[in-house]
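Next, two complexes with chain A in common: one pairs it with chain B, the other with chain C.
This part shows the complex of A and B:
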């Protein structure tokens, strides 16, 4: 009898585990902002794919460089052709984990500080990244937000000296992802 | 009018014209859609997805930066500050085609969940498990 109950409990436990939902978004928003006294430049990408596993803490952001939108055509061309070389390196990805999962209750409304660590790959260069952001839970809807400073030079992105004054040494990247439970 | 004055005036005129041309080029607005351009390829959303699922590299070679006219069923619409992302997905497929529209190029009275539409856009590649198009417009 005991064994029966135990095995049923175990079975239920396994079902529970496999049912554990992942949070998924295909329409996340990532944008960057470069500020200098000469010029402010921003690009927005509204088609960021992201997967957040609340059980393991696994976190993925993935975007296509060409899906960044600019106000001015010339900037869009320069971004894709000269800086990011988007035909050669079409994607940028972050793969990592939330390291303070014990501090985040996905079942309870609130705004939680989240620490993430992992690897950021863009322009064919992969670098370790550790950053702090927030996880907001509101009526069961989970939103992840973070800001991160990217130094173009770290990712072998060469800025010609002619325009060096117009592009910030550190470009501010903002992440804003609203997830669907899946 | 002296000859020198004439030359100076002509030079000034040429400078002004070239300045205007350069400025127009520098500040030219980015295209919000490829609506006025002819599609390079016509394909169903499901078939396009399969090409990328089977071999991403060869699909990139074939479709990247091309203007594609894709037909499919609207599975979801997500609005943002600048426009709407329309997700075309066949019921039986695991993923689909994500189409980025500027808010000036979409009519949300026509584009609704469950409706079959034709979308013209530039193919940006394969993101995790979806194909992405941007600068989209509705096509007949």
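This part shows the complex of A and C:
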């Protein structure tokens, strides 16, 4: 009897293993928008790497600061040289989990509200973050979207008083990542 | 009994084989996402000039740099002249990036009422990654025209008033704190200063930047003029040495300079430096650069 139960468990385990499909993206899009009465600044990164595990709910995104593109080249230079110090801190990473995984059915088309909790590491500082976003499943393609606010000061990003009016105290970050099943 | 244990072992192995996410997975993925990308070095210097002479930096496409440069008189000109306040030389200029590798500029200076035009071509850019290039290299050329009419110059025809500069700029950003540049230069005067003076003056310029804080750097520049520089019989010319500080604030760069040359274009500071540091022939001055973005490229 015991052997029977164990055999079934083993079979299920193997099925699980072969079904262990993770969602991967190498072309995720994350952008940020800083709005002040003096100036609007937008930076777009189209080379975000992300892994979403539908079984454990693990969600990771990682990007290179130098991949952010700006309309004005001088802003891009200042972003990397003066604010993010990209030579010292080349990456920004979010490592977390989707906490309401049971409410999301990756096999069925639809838009699901997802809650994610984890840590955001940027400019050498790691902070816990919790956010609500959506996971869309359409024709088997999974897209994760989220919008949240980041406070530059929390990550030790120095904004000199001279330009304080040109950079928002809270910067809006938008995530839009389309995954491929792996 | 053995079968039972074997099955449990197998079960445990199966579950441990489950590909849980590892930290290396995301790093490898990130590398692939950015694979084939090259990291081009930026901000080797904070401005398109090191002190008097050009740096490897250029204006990218659609960006305009408005520059005002001023040099006071020599510090050794005494109290009566308020140590140089009363003897000034000013230059106004605008530089514009036509493409990301071609910058053009125009200017007008007080000394000999000179109009000047320049072109800087960015040929090689220092980079790491898919393409590896240890240095940045540019070609700089300019033309300066004397428009002043005084007794010696009023009868000159147009081409006698013209001088040219050709420079190769080679620079390397060694690290965040230190950049170095070498500029072999040729200044050609269509009409030399006198029958005994040469038309072609060869020199090599060296410039360095030491970054002190995120926005402040200490710059130094020296041009070694190849002999026969003192066969300039009409006057004795010395090598220009300049030291100063760059302060960058958002869209402006302020450069504060101490130099033994009062000139701000190559023809003046390379071939016409008649003062020496050791005799107090030091000129204090500044360059103010303000960058505007004229196009909204996306």
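Keep this in mind: the second predicted complex is superposed on the first by the 170 of 182 C-alpha atoms of A that agree within 3 Å, B and C clash if a C-alpha of one lies under 4 Å from a C-alpha of the other, contacts with A are read in each partner's own complex, and residues count from 1 in each chain.
Criterion: a residue touches a chain if its C-beta (ideal position, glycine included) is under 8 Å from a C-beta of that chain, and two chains touch if they have at least 3 such contacts.
Keep in mind that what you see is a predicted model, and the values were worked out from it rather than measured.
Look at chain A after the overlay: chain B and chain C clash there. In the superposed pair of complexes, A:99 makes contact with neither chain B nor chain C. When the two complexes are overlaid on their common chain A, residue A:29 makes contact with chain B while staying clear of chain C.
Using the contact criterion defined above for the overlaid structures, shared-chain residue A:87 touches chain B and also reaches chain C. Contacts of A:71 after superposition: both chain B and chain C are touched. Residue contacts after overlaying the shared chain place A:47 against chain B and chain C alike. Put chain B and chain C next to each other and count what each touches on chain A; the higher total goes to C. Using the contact criterion defined above for the overlaid structures, shared-chain residue A:56 touches chain C, although it does not reach chain B.
Within the three-chain superposition, the chain C stretch that clashes with chain B turns out to be 60-68, the only such case among 6-14, 42-50 or 60-68. Note: residues 26-27, 47, 49, 51, 60, 62-64, 66-67, 71-74, 76, 87, 91 of chain A belong to the chain B contact set and to the chain C contact set alike, using the contact criterion stated above.
Contact residues of chain A toward chain C in the complex are 2-3, 6-7, 9-10, 13-14, 16-17, 20, 22, 24, 26-28, 47-51, 53, 56, 58, 60, 62-64, 66-67, 71-74, 76-78, 80-82, 85, 87-88, 91, 93, 95, 158, 160, 162-163, 166. The touching residues of chain B, when paired with chain A in their complex, are 25-31, 60, 64-65, 78, 80-83, 85, 87, 98, 100, 122, 124-125, 127-130, 132, 134. Against chain A, in their complex, chain C makes its touches with residues 3-4, 7-8, 10-11, 14-15, 17-21, 25-27, 29-30, 32-34, 37, 39, 42-43, 60-61, 63, 176, 214-215, 248-251, 291, 293, 296-298. Residues 26-27, 29, 44, 46-47, 49, 51, 60, 62-67, 69-76, 87, 90-91 of chain A are the ones that touch chain B when the two sit in their complex.
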